């Protein structure tokens, strides 16, 4: 545990003073996990609200404005409604897999947030293969989607799930390769170290200039595809498949899928911020000297910026077709990415970084 | 092309064709049902007529006779003609399908079958299109009675 | 060769999917029975009748004034044009000529209806392809037209403004100004439609070469309106058989020869420009004249058959009235454009993907009450 | 080469599209196109010709213009109007004459086509501009248009 904030330190000391060491460690894990869970439930809910507001402003509407001032409690009310709703299900479903699927999806999203470096101190786990871990965990979610589509005994769900499978598997490559391009610059997979590199040399997108910008664009495209959001929302494709893989889910199980989508968006945006925009580092170091300034604010601002970009995509573009989706990946993104990787290597070799 | 010229050409396509322009703005050709397909095919392929566009296909119940009215137009030569075909068999009316000549007839004939009960020979997929398959009766016929759903003024 | 072997080895199983009656892309209660192999469509079998109200049978019961309002409910997005078709047919039967004022007003409102219909279609087309924002931009602009209708006709959608022999009442004094205001507004917004959707690379990829309909097929299937004109079939009734005031205005018939969804899209965008130009030509000089040509309170058409064709927003609308001389029509048939256009669907979507079917249906712009009547 | 121009054009068109929506996003403060309906009841005014429902205006003497000629009943396509009438002795002239008892209007069946109002020779019925017609029971949609105790204004038949 690497959370040496004052309050956490107090709790840490207190726990270790009243319990044996092993029990105290486990208790601490549970507390941290519960705190993260609560935090991300709120983050997910407010991202939903943000999405609805942003969508409304793009579309000349007002957005939610009834529950609380400017509708800030709208998604809370929605969540409450979803919790209280009956969990209906289709007949002839595969009960076990049907019930398992939402947990797969939500858990894979929640595991990933464990390694986020919100600030220098605010990071639950700083493992040395951080990027790799994020990359690996974010791929698990697709199993849940596949299971959901398969088990719910609905052909539309099934088509959606199959689309999701091929989409995630192919776009994994681009996400991975564009991450790798940036890792070339940092020479480390550890998230905290990646950010430290940027403290001296400037943000990676500036350090790596051309290949970094290309990598960023590819990462944004592939990341949007990873999270199954428009223009890559073939998995749901409401005008084609009704609601895709979660057609047959209701109540809280549906909410898990819904929440997972937004947390995934947060994850992708976080990775982008860490890899390209210096994580919690302030721009030009303007708040470096202010010791009391919570650096996680910079992290959140940058993440929100990236999320806004993804929302902008969603509310502007039409959806791609399945074969076009694969064409984009295999004929455009992947070759460009490979070339880009070599380009980055050359730039580092010749020491042309800024 | 004038209606008289049309009449002269069409007259050679079959026997017992009746022509009339009364009570209508178009030239009406009343074709015996046995010759329907043959005459229609000629109307389509004859280089002077080229009726390639069937813009309306109407099922009709003339009280005694059942039948179909074909409104035809030539997109190239810009003339119009109306073909009528009648059958006096109300129990099991059967006509030849023209959907191999004008593909649009496929759906329109299904509609006519649905509402008038006129069967079409050689139709690829004749079924109840609007009504449920177990519907009883042919609603647009004049002798159709449905006391529950029809309000007569 | 190798490919063939692989295909033979990988035997796939076809399955059926019910697309509709409640499906977001069906825009109503259209049910398509799809035979699908993976994502590839093998067969599309439409099953209709979910909103069939038997308008043709109801017409046999009603008087000639009364059947007009039933046609509002057919293609509810071009309700004025449907009304006009019936009124023109009845006027043809009665052999009365309406005044120039009526003709011009009918034409202007018809074109406004067409614009409103195409605007809605544009929004829905974007929505079907996944760009939800188009819907709201389209509705913003459509609101102007609906307000004009509401002010003049009293209703926004099912207006019933026409009566046999003219119009129900004169246009509202604000009508001309409001139409001009709308034209100024929409002329700035239509290029925006292009920038947002038409040029978009994803949109182009989704529609180009999708659902290709050849000219021969379009004629044979009776596909009219933007569907036919997208395939190069010059089927504009306004040009072929001018009615109302269409013979005194200059406009181009939007014709494209590609026959794909993009061509149909372009036809509609071009038609919007043409509609605006038609309104531009007429709005400043609406002639004076009677708003109604007097008819008897009980209209009795002479014995005979009357056929009137008009260009509705989705294609050719034909009204066939068979009269036996009584106060009710003996038989009324509406040749609706949607019904003929629907018959093409199976032909052109075979072998396409589900997403292509949605794109094709969006470009066809089905209104289900028009198909079912 | 077209490979790269495709990419360039693709990105360019995508950015053009984004500039349109982005422009609206920035201008979103100027107000939306939606109406906050139940809140703006005070200011919401229908157009004069708006077809809300059919009403029968009465003047201050509780007199209306309906002579009971039934042309609206005949003109109505869906039987939304029923007129209950009988012949009564006119107190002024002493002649027997047609008087309406009840002018019944089924709002639930009305399609707002306006044919009844068109056909009315005395302009006894007009459109009202109210737009909130929903009720909790269907029976409330059947309305009697003439007020209780009202009578036809004298001299309207002529």
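A few points about this structure:
Labels for the chains are A, B, C and D, by order of writing; each one numbers its residues from 1.
The rule we apply is simple: contacts are C-beta pairs under 8 Å (C-beta built on N, C-alpha and C of every residue); 3 or more make two chains touch, one makes a residue touch a chain.
This is a predicted model, so every value here is computed, not measured.
The greater number of contacting C-beta pairs, out of the two interfaces A-C and A-D, is seen for A-C.
The most distant chain from chain A is B, comparing centres defined as mean Cα coordinates.
The chain occupying the central position, as judged from C-alpha centroids, is C.
Remark: chain A and chain C have CA centroids separated by 45 Å (rounded to whole angstrom). Distance from the chain A centre to the chain D centre is 52 Å, each centre being the mean of its Cα atoms.
Averaged C-alpha coordinates put the centre of chain B at 25 Å from the centre of chain C.
Distance from the chain C centre to the chain D centre is 26 Å, each centre being the mean of its Cα atoms. Those residues of chain C in touch with two or more other chains are numbered 62, 133, 136-137, 140, 196-197, 200, 202. Residue positions of chain B touching 2 or more other chains, listed in rising order: 151, 153. Residues of chain D in contact with at least two other chains: 14, 17, 20-21, 24, 33. With chains as nodes and touching pairs as edges, the resulting graph is of another kind, matching none of line, ring, star or complete. Contacts between chains, counted with the stated touch criterion, involve the pairs A-C, A-D, B-C, C-D. Those residues of chain B that touch chain C in the shared complex are 22-26, 52-56, 58-61, 69, 71, 75, 78, 82, 102-104, 106-108, 111, 115, 125, 129-132, 139-140, 150-153. Residues 9-10, 13-14, 16-17, 19-21, 24, 33, 46-51, 71, 75, 77, 111-115, 118-119, 127 of chain D touch chain C in their complex. In the complex of the two chains, the chain A residues touching chain D come out as 54, 56-62, 312-313, 315-317, 332.
Chain contact summary for the complex, chain C toward chain D: residues 62, 65-66, 68-70, 72, 133, 136-137, 139-140, 143, 147, 150-155, 158, 160, 163, 168-169, 172, 192, 195-197, 199-202, 204, 297. Those residues of chain D lying in contact with chain A across their complex are 7, 14, 17-18, 20-22, 24-25, 28, 32-34, 36.
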